[in-house]
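Multiple structures are listed underneath, in structure tokens.
Here subunit A shows up in two complexes: once beside subunit B, once beside subunit C.
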Partner chain A sequence: MSLRFGITLTALTLLCILASVWSISAGAVQISTAEIINTLFNLDGPKQEYIINRSRLPRTLLALVTGGALALSGAIIQALLRNPLASPKIIGINSGAALAVLLGTLFFPDIALRWLPVIAAIGAIAVAVFIFALAELRPISPARLALVGIAVGFTCDAGVDYILVTASTYEFSAPLVWLTGSLWARGWSHLNAVWPALIALSALCLLLSFRLDLIRLGAAQATGLGMNVRLERLILLGLATLLAALSVSVVGVLGFVGLMSPHIARKLVGGVHRGMLPVAMLTGMLLVVLADATGRVILPPIEVSAGILTAIFGAPFFIFILLTSRSEDET
Partner chain B sequence: MTGTKTRPSRKSIVILLLLLALIAGGIFSAITGGRSDTGITQLWGVIFTPDSSLPQSVLRDIRLPRTFSAALLGVNLGLAGLALQAITRNPLASPAILGINQGAALGLTLSLIIPGLTGLSPDAMAVAGAMAAGVLTFAIAGGLRGKMDSMRLILGGVAVGAFAYAIVRFSFTLDDELARSVVRWTVGDIGYIRWPQTRWLAIWALAGLLCSFVLAQRFNLMALGQASAQGLGSDPRITLLLGTILAAALAGISVSVAGPIAFVGLVVPHIARIGFGADHRILVPATALTGAALMLLADGLSKWLSAPVETPIGVIAALIGAPWFLWLTLSTKESR
Partner chain C sequence: MSIVLKNINAGYKGFRLKEISLKIETGSFTALIGPNGCGKSTLLKTIARILPTAGGAVEIAGKNIKSERTKAVARKVAVLPQHPVVPPGISVQQLVGYGRAPHQNLLGFKTAKDHEMIEHALKTVSLIDLRHKLVAELSGGQRQRAFVAMSIAQDTPYLLFDEPTSFLDIRYQYEVLDLLRDLNNKGRTCVVVLHDIAQAARYATDLVVMKDGAIHSRGTPKTVITPQTVEQVYEIKARVYQDPVSNTAVVSPL
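For the complex of A and B:
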């Protein structure tokens, strides 16, 4: 495993770097690789400081941290709920965060950007508590849990729609773009609002990843090994919820990243979480950077939201998982 | 059947109440809201002493077609939901949940963006898109092999819907002109409907009602289970096909006129079943009436809730329907 794991990790890291360079170079204005390197490392020669520093660089970095966070969140949720269909979007966490942020901006129009992640976290936690309490309190099949999550998501989406159409003044066109899961017009301020927390939480998740493997043995065995399973589950679920919520607070509802990445990672390095989690994180980073950059190059200067692209690829992926997970269905 | 004495009288009371709600809702919807001063007197005037004064023409040309459209959309979507719930034997089935509404929206969008693509009219494209989405969802659920998995049906439908809707939004991004006019349409809005669309909806509602009546007995047999239906000489696959066509046509036309209004098709048959039991021969007219009444009330609410700004009727439907859906997912039995 270790050789395969090492190769995969290196390859994915390289791919992430390549994709990031492409993401910085691609768009309405093409920037050559030489110019990018000159600008980033402050070398002599032709540079493109304005576009790179003001727009493309923070945006690409944001794509990296949120993609990694969403993927980790999805991987943890899938492991804890033992549900291959679960993801922060499917179980409604993302929509809860979106509704909370929208309510926040509605009631406090001049709220500082750095508070939005906090508000998003409150909404996400509310949904998460509901879903996880349900999963704990009574036996519930994986498919049904996904279904309840989708219903919770619909309910939050209805609230989002209501706020959007009844208060659709000029200031509200920004949330509209934001909700489709877009990195459009995201800058340093957004990045600064979330990156310390996201990186800290992600690191914590990676550190705790071996606990997921113990939990996966089953509650009885894990308890036998001296774990407080309930507490550990709660901590991990809390981490997953926060990761998703913080991402949503800056890039909106980027669906299906948290669903796809763990599955791809499992195909690459197998299901052991110690190895799978970092690979999933890198996969998520790669997916979001690619989605964002692709959205920019399809028809410049028009931008296609990254969330639309992830949904176009993610929904068929979900169906594929649905079709191949017969054995876990209706237990 | 061994009819009891109490049942007909209880039913007729419910029907009476429903009709009253329908009429009250209709008047409520026709006279409230808007900038022009119209009231019950003007409504009276349009019927008995028509003239060409401003309040009367507002009522006649703007309010009334809208009111009728709301009712007709309720009929269409309700019947589509009833057919889908019958053929899938799944209480969670409805045009929006199974991705059929979104499929229709995709078909319509394609025909607007690339007008010469298929040579079909926008309406026909909407129906074709609805049909394609429905068949795809049923295929994912295993319905083509004759055994439909209830959970997979719903999850597959949601995924099909998410996919179709992502492409719709993708298309809007490419076409700025379209995108501007379309934000309200995507949540379901009937504020701009005039008589021509209303007539069109009425024709389809009538046809849908007739077809539903014809299929009612098949739906009843479906409820007994596929094997029993087959034993009684009704091929479930044909029922599935006919029901899908019916639902796709009704949902497709509704979407092409008013946008994808979600949850009406889900909620209306449930309400009708509470009042009228499970016999589809009674459920068909009951669902039509319930759908009309509910949508009229929703239309009234859409003008009143955040006046003077109008809340699109699709948002009202979602605000009522989404929690209902949540409750259904929690309360329906785990087994099929």
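For the complex of A and C:
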């Protein structure tokens, strides 16, 4: 595994760098690689400081951190629920965050940007607490837990739809774009609102990968192996919730990344989380950067949301993976 | 060193164990038997602290498991649940490696001793050649052996198994039971929930017969398995005779 892991990790890292360079160069104004290098490293020669520094660089960085965070969140939730179909979107965390942000902007139209991640986190945590309080009160199977999450997610989505329909004024067209999962008009302020927390939480996730392996064996076996299942489940769920919520607060509901990246990673390097998590994270980063950049070049000057593109490109690939994988996901 | 249960009260809504007290002798192969719903699995889960106790105490080697860190308990007792979860994309060797968790820190990096124990466990269950195969691709019998190997790698004096032979065909049932007997002969105390009375009689040194959440009787298979016990516990009339191969009790319903 270690050689395979090394090759995969290197390849994905290179792909992420290439995709990022492309993402900075692509758009209504095409920027050459030389100009990008000159600008980023402050060399002599032609530069494109305004577009790169004000728009595409922060946007690309934001795509990287949120893509990685959503992928990690999905991997954690799939392990916790022992369900390959689970993701932060499926169990309602993303929708909870989205509803909270929408309510926040509805009631406090002048709210500062830096509060949006906090509001999103509150909404997501409310959903997570609700779902897992149920699990604590009555022992229910992970499959049912996922169904409860789906129901809660639909309820939140209904709230989102209601707000959008009833308050469809000019100022609500921006949330509409945001909700589809878009990096449109994202800048340093958005990046600065989330990156320190996202990087810290992602690092913590990677550190705790072994615990995910154990909890993946089911509560009984994990207890038998000396794990404090209730406490660690809570910590891991908290991590997954915050990662997803902070991402949603700035880039909207990029639902598919969290579902798909762990599957791709498992296919590439196997199911041991120490190898799988970093690969899933890089896959998520790559997917979102590619989706965002592609969205800028296909119909300029119109931008197609990254969320739409991850679904369009990801879904066929995802179906292919599910059809070609063996019985290993059946438990 | 033994497992002592004192007035255990545990269970689920609608079913509870009735103040069970029991001493499991060190070095024994103790089989828990009884009809469906008698509480044998519940009792095993309680000993393994998978189910919390509402009253009473479980003492392992003189210490109440509630007062100990769960990781410390995991260095004394290994558990194999009835339906082990097969994780996707995990090889046999990786699965067996999880058995080392109680001996590792939070991050789970393995030492030379860990690798040695994993190797030993894989050899014990004869899966050394299949070590890199995915657990999900194994046959039922191989899969169960892989989980047994995980318990072996945990390197504990006590092994608790909940119906390790269920859903296996006859060859693999006896394969797994022989494996447990070997482990028992090497000094590990085995506590095993079994469905089949004949298998329990054949392999166990000590039988605990349960009914309705309480212990009906206990002792060696010879003394416990009688037509009277079978009638009282399983509510069927049966003849008990000696199996000519193993010279242990076999039950035939009349």
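The definition used in the following text is that the second predicted complex is superposed on the first by the 289 of 331 C-alpha atoms of A that agree within 3 Å, B and C clash if a C-alpha of one lies under 4 Å from a C-alpha of the other, contacts with A are read in each partner's own complex, and residues count from 1 in each chain.
Operating definition for what follows: contacts are C-beta pairs under 8 Å (C-beta built on N, C-alpha and C of every residue); 3 or more make two chains touch, one makes a residue touch a chain.
Keep in mind that what you see is a predicted model, and the values were worked out from it rather than measured.
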- Task: Kindly classify A:266 by the partners it touches after superposition: subunit B alone (first), subunit C alone (second), both, or neither?
- Result: second
- Message: Per the contact definition in the header, classify A:158: touching subunit B only (first), subunit C only (second), both, or neither.
- Response: first
- Look at A:148 in the shared chain and tell me whether it touches subunit B only, subunit C only, both, or neither; answer first, second, both or neither. first
- Item | Partner chain in contact with A:84 - subunit B first, subunit C second, else both or neither | second
- Message: Going by the contact rule set out at the top, does A:221 touch subunit B (first), subunit C (second), both, or neither?
- Response: second
- Message: Looking at A:44, would you say it contacts subunit B, subunit C, both, or neither? Reply first, second, both or neither.
- Response: neither
- Task: Kindly classify A:210 by the partners it touches after superposition: subunit B alone (first), subunit C alone (second), both, or neither?
- Result: second
- Message: Under the stated touch criterion, which partner chain does A:110 make contact with: subunit B (first), subunit C (second), both, or neither?
- Response: neither
- Touching both subunit C and subunit B, counted on subunit A across the two superposed complexes: 329-330
- For subunit A, which residues count as touching subunit C in their complex? 82, 84, 207-211, 213-214, 216-221, 223-228, 266-267, 270-272, 274, 276, 326-331
- How about subunit C: which of its residues touch subunit A in the complex? 45, 48-50, 69-75, 77-81, 84-91, 94, 98-99, 101-102, 104, 106-108, 134, 136-137, 154, 160
- Query: In their complex, what parts of subunit A are in touch with subunit B?
  - Reply: 85, 134, 141, 143-144, 146-148, 150-152, 154-155, 157-159, 161-162, 165-166, 168, 176, 180, 255, 299, 302-305, 308-309, 311-312, 314-316, 318-319, 322-323, 329-330
- Note on the structure: The subunit B residues in contact with subunit A across the complex are 92, 140, 149, 151-152, 154-156, 158-160, 162-163, 165-167, 169-170, 173-174, 176, 183-184, 187, 262, 305-306, 309, 311-312, 314-315, 318-319, 321-323, 325-326, 328-330, 334
